[in-house]
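Below: a set of structures, written as structure tokens.
Each of the next two complexes has subunit A plus one more chain, namely subunit B in the first and subunit C in the second.
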Partner chain A sequence: MSHTFAMKNPFVVDELRVADGPSVPITKILIADDNNTDRLLLKAILCQQGHEVFVAKDGHEAIEVFREMQPDLVLLDVLMPNVDGFEAAEKIRQLAGEAFIPIIFLTSLQSTDALVRCLDAGGDDFLPKPYNSVVLKAKLDAFIRMGEMHRTMQRQRDLIAIHNERLLREQEIAKRVFDKVAHSGCLNADNIRYLLSPIAIFNGDVALAGVSPAGNLMVLLGDFTGHGLDAAIGAMPLAQTFYSMLEKGFSLQDILREINEKLYDVLPVDVFCCAIVADIDFSNGVMQIWNGGLPDGVLYRSFDGKSIPLTSQHIPFGIRNTAHFDDSVATFEVQPDDRLFLWSDGIQEATNNQSEMFGEERLLKIFEKNTDPEQLFDEVNEAVAEFISDEAVSDDVSIVEVKIVAPIDFHADRPDFIGSNPAGPRDWSLKYELRPQTLSNFDPLPMLLYVLRQVPYLRNFGGQIFTVLTELYTNALEHGVLQLNSSLKNSTAGFDHYYQLREQRLLHLQDGTIGIQLDYKGTGNGGRLKVTIEDSGEGFDYKNLENGLSGDVPYAGRGINLMRSICHSIEYLGSGNVVCASFVWGDS
Partner chain B sequence: MNAPQPSLNYVALKEVQGVMGDDFPLLVEVFFTDSVKLLTAIQSALDEGNTDSLRWAAHSFKGSAGNMSATALAALCHELEGLASSGTIVGGGHLMTQLVDEYERVKSALEDI
Partner chain C sequence: MSISSSLSTDGQELQINIEGRFDFNVHSSFRRAYEEPGNEVGSYIVDMTAASYLDSSALGMLLLLRDYAGGDSASITIVHCNDDIKKIFAISNFEQLFDIK
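So, the complex of A and B:
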């Protein structure tokens, strides 16, 4: 990840520190010595130095007292009846386990052999008899300090282990939850290929793909700053907003704005999301691109083999508030066999063992050299894999390829309808009139689709109905209210001009209305939906249309044929400013 | 070997007194009791010719004597312990006599304090 960000410690360390309580500097010391005067004298010295002292008269008793009193430090005479010092030391070491319990041998023995035996038995030091209270104090204090350090270290080690385990668990959960959210889309469609690094911890890269009710494919590749939880925080709202708005039929711009707002609200200041989003309309051969901060994507054109860069023109998601967010998109004409490539900065920044980056030049070379477009995706991946040094961690290499196909060849799963109430609202109508100020900046279709989706039966036809609604509404708005001529769209220059005019006229719209009426009647096993759209425009001579003559019709021929294929009937009324489409299914 | 004079290292004993405080008489009393037991144990070990017992008792007595700053007494114990360590009791009887004499001197010196 190339972005810099400050790692925040998500844990409050202090809460776990109470486990052992504050370390009180009273040291519990066990003295084991069979010699009564030795014991008395040593005990007196240690008590005078402020320690709590337990005594034992032999090794056996020492082990018992140790078990019971759990002293911090043990002073053992070497020669004792029953169990001697060596044996007691070994047993005490066993009992102490991981705890740091210094064992100091009390001895008047001086031979090296005897001292070695003391060490072998688990002794940490020796104290010569007779005792010197200054030497004694120095030694004990050193061991007590060591013990405190050891306990602190163990506590911290345990804390780190707990935290680390919790962190890993949380990241795993975050990734699992996220994978579920992200993969509900249609990344597995036949015309999409993608590669996201498979590491267990969420690396910040997100790929989403879904189909709108109108049948458009929307693809998003995002790259959050940071890894793990930091990055995952934003990935959930991103995916949820993307899928739920897409399903409801919102436009690309609406979705972009909403994603930005959600992420702006939810992300910490130093976390944001670079992303590229493509909205592909296979029916009309139009692709819209919004790129905020990701490297140039590529539109590979099949007819001339040219690669058109899709350059970032925007600030990433989550940095600016809604008022300053720019949702303008770049529009491209596309045709079947064109290919769209999206990638995160992991590819350009992939580094070899000479610390060189893969870079854009190498990437574009692959496109220049390519002879079979079908191999492009693999060629890029192989080139990057070959380039990267073995030691380098290449966890950010994410790439998505979308092949443009004819509408009929586009197959993607849509969420299945699982109805608990198969009937839903059965007999109703709705009339909705939009006036100029609404027409100029509001898209009523998602709301209408939402109403229609309350009828479970209609959900199965959501895409088709939405397509028809969109087409009819667009016609009413563009040709009826705005009086745009569709023949303009026949040339590339006209195409742009058409949309410029549309923009202008919408902005200055003073008059005009569009009325939409939905009328639904359901039976047990079928239903009928009537959609009537009336605009305030002049209408057109629809007689020619009905006679099969394509005279001066304000519709692109494709549009009307498409609708005829979907609807049970399409009827023009009045001066051509009213259109009525019926869907009939089941036994109605 | 003749017992050296004085029997006690008074400078060192003063320190012990300081450490023990009010418990010093208790220490002296325990020393007397232990000494009687240890002298008996040494005598028995010599009688039985048991070098292990002799070694242990002499070692223990050496420690006690050292604690009371009875330097000469400790030195005699050390000699006896060395004897036992080499696996013999030859010369032990003579040392024992010196040990008893020296103990009596230490005892009366301690009682005088």
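So, the complex of A and C:
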């Protein structure tokens, strides 16, 4: 309702039409004169000109008639019995308040002193007796036009005030919703710091952070075109897509594609969202970055103090349809105490009072000079704040820092698992075989997670089980089907090579399968879940593993220790191409 | 800041010149510049010689032009960009959408 009202603005348009239009509305005029002849003569002239005329015989009566009839214009004789013209003028001014009521004195006095006194008493003009009807008409018409203009301005001013108040109220409500949606998730985790400073009530910047069921931290910093409500409107579908897909266990690529499609569908052509998205796997020390249209982020490496730029390689979200969307990511090796910095263009474009921009160079200098990485976040913010002059914040200044920590030190709320049936399915198994065309571009894990979620127990422990499932599936795919050797990842160059190979081999995959079997049996007070994953690869010599000789080449990257800490048992079978993990709880 | 435009004699090519800051304040004049000659125009040249700066709403305006000129089949060349403007196009990877020279 209110939106229709605000957008149509019907009143303002009508007002303008009245002011500019040809038809002169009827004007109500009060004449106060104790001289009967003069009064009647004036009344006759004015009636003839089409005005509505009221008359009074003295100042006292003039005030009474004014109060009752609210005329638009007042003609006062200066010399009248009881209350004279000057006094009546003063009183009428009071009654009129802020309304514009021209008061014109009727006088046969000629002296300058007398005329000055008329004006001092609040008169707008004077009309000499005897009346000249041409002069009279010209003066009245001029005042009537002024009165109309004045009223139009006042009504518009009042309307603007009402609209403005309404807009602020609406924005306040929208802002409360926006804040819940746009700056939510686990942004308050111990290892994340962020700052979003708005230049209006709304800014176009959005920061989101959440944990996937497998325990990865996903962070998104987005900057919508423009400022204010138009910029904030896309934040809703963005945040919703991000969180709901993250919670369901979808991969970074799936989430990127879906966000792009959503924004492409809902946003107008000229509104889009520059964004940088990071997917951090603390357990394996792998970070994936997708940057579409934001300035270089920085990965600050703790071991050598180097800053690795995270450069934009894509068109922002919401510009191209799915067929043209590029979801390829850059992969980086990360270690505890490394730091990830994401910012919108507000920092580089922050402008001082000499119209200079802060720029990338100044930003990188801060990193070069820094001696204590813990201070980097504050140093950047202080430098920008010092640089800009107060009145010239030219964009939204937003910055997010994520410190890489060991998995055990990462504390953030994981999404709750919500199942609909309290008892859940009791006794079932599922077998799922993925063939090459599926393996190359489909992630089966969200679907499996969905099945697992139906079991009530997994509402609490689903995250851990999902971590194991992800780990086992990744091993089957990368080491089994794609024949990638995890020892490659021991050097930084090899690390990049590993992920390039992975992409290439997936793209050209002709042979290979992965079979996944989930077997669940629940009792009233416990349950058992068996996950068996079999790949078509050559397997590996797992006998050494059983003898405790782990740490050597083939299974170094398999995250086995992590999984052992979670599962009841983990067992390799066949040539090492089959792995079986069991989870047991309660009295089973 | 102002926008001017000129149509080639055969009416096939429209050149739009940007002067000063290319931002939201020129939104309607930029739009007028490409809408007035109508749909007969085959290709567009946006000349940035005199442009000092562009912001994200200018990128949005260019997307509107691209949409008007036929989306993926649009022929739009952006010429004479200064280094700052080139950088903005590079970050947003707009060279995938426009011919930037």
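What to note about this one:
Here is the rule we go by: the second predicted complex is superposed on the first by the 408 of 588 C-alpha atoms of A that agree within 3 Å, B and C clash if a C-alpha of one lies under 4 Å from a C-alpha of the other, contacts with A are read in each partner's own complex, and residues count from 1 in each chain.
One rule holds in what follows: a residue touches a chain if its C-beta (ideal position, glycine included) is under 8 Å from a C-beta of that chain, and two chains touch if they have at least 3 such contacts.
Remember, predicted model here, so these are calculated numbers, not experimental data.
With the C-alpha superposition on subunit A as described, subunit C and subunit B fit side by side in the combined arrangement. By the touch criterion defined above, A:79 reaches subunit B but does not reach subunit C.
By the touch criterion defined above, A:313 reaches subunit C but does not reach subunit B.
Contacts of A:295 after superposition: subunit C is touched, whereas subunit B is not reached. With both structures placed on the common chain, the touch criterion links A:272 to subunit C but leaves subunit B unconnected.
Contacts of A:259 after superposition on the shared chain: neither subunit B nor subunit C is touched. Using the contact criterion defined above for the overlaid structures, shared-chain residue A:130 touches subunit B, although it does not reach subunit C. Set against each other, subunit B and subunit C differ in how many residues of subunit A they touch, and the higher count belongs to C.
For the combined arrangement built by superposing the two complexes, subunit A sits at the apex of an angle of 80 degrees to subunit B and subunit C, based on C-alpha centres and given in steps of 10. After superposing the two complexes on their shared chain, the closest approach between C-alpha atoms of subunit B and subunit C is 55 Å. Per the touch definition, subunit A reaches subunit B in the complex via residues 34-38, 40-41, 44-45, 48, 79, 108, 129-131, 133. Within the complex, the subunit C residues that touch subunit A are 24, 56-57, 59-61, 63-64, 67, 72, 90-94, 96-97.
Per the touch definition, subunit A reaches subunit C in the complex via residues 223, 225-226, 269-272, 274, 292-295, 312-316, 319-320, 324, 345. Against subunit A, the residues of subunit B that register as touching in their complex are 15-16, 19-21, 23, 26-27, 30-31, 33-34, 56, 59-60, 62-64, 66-68.
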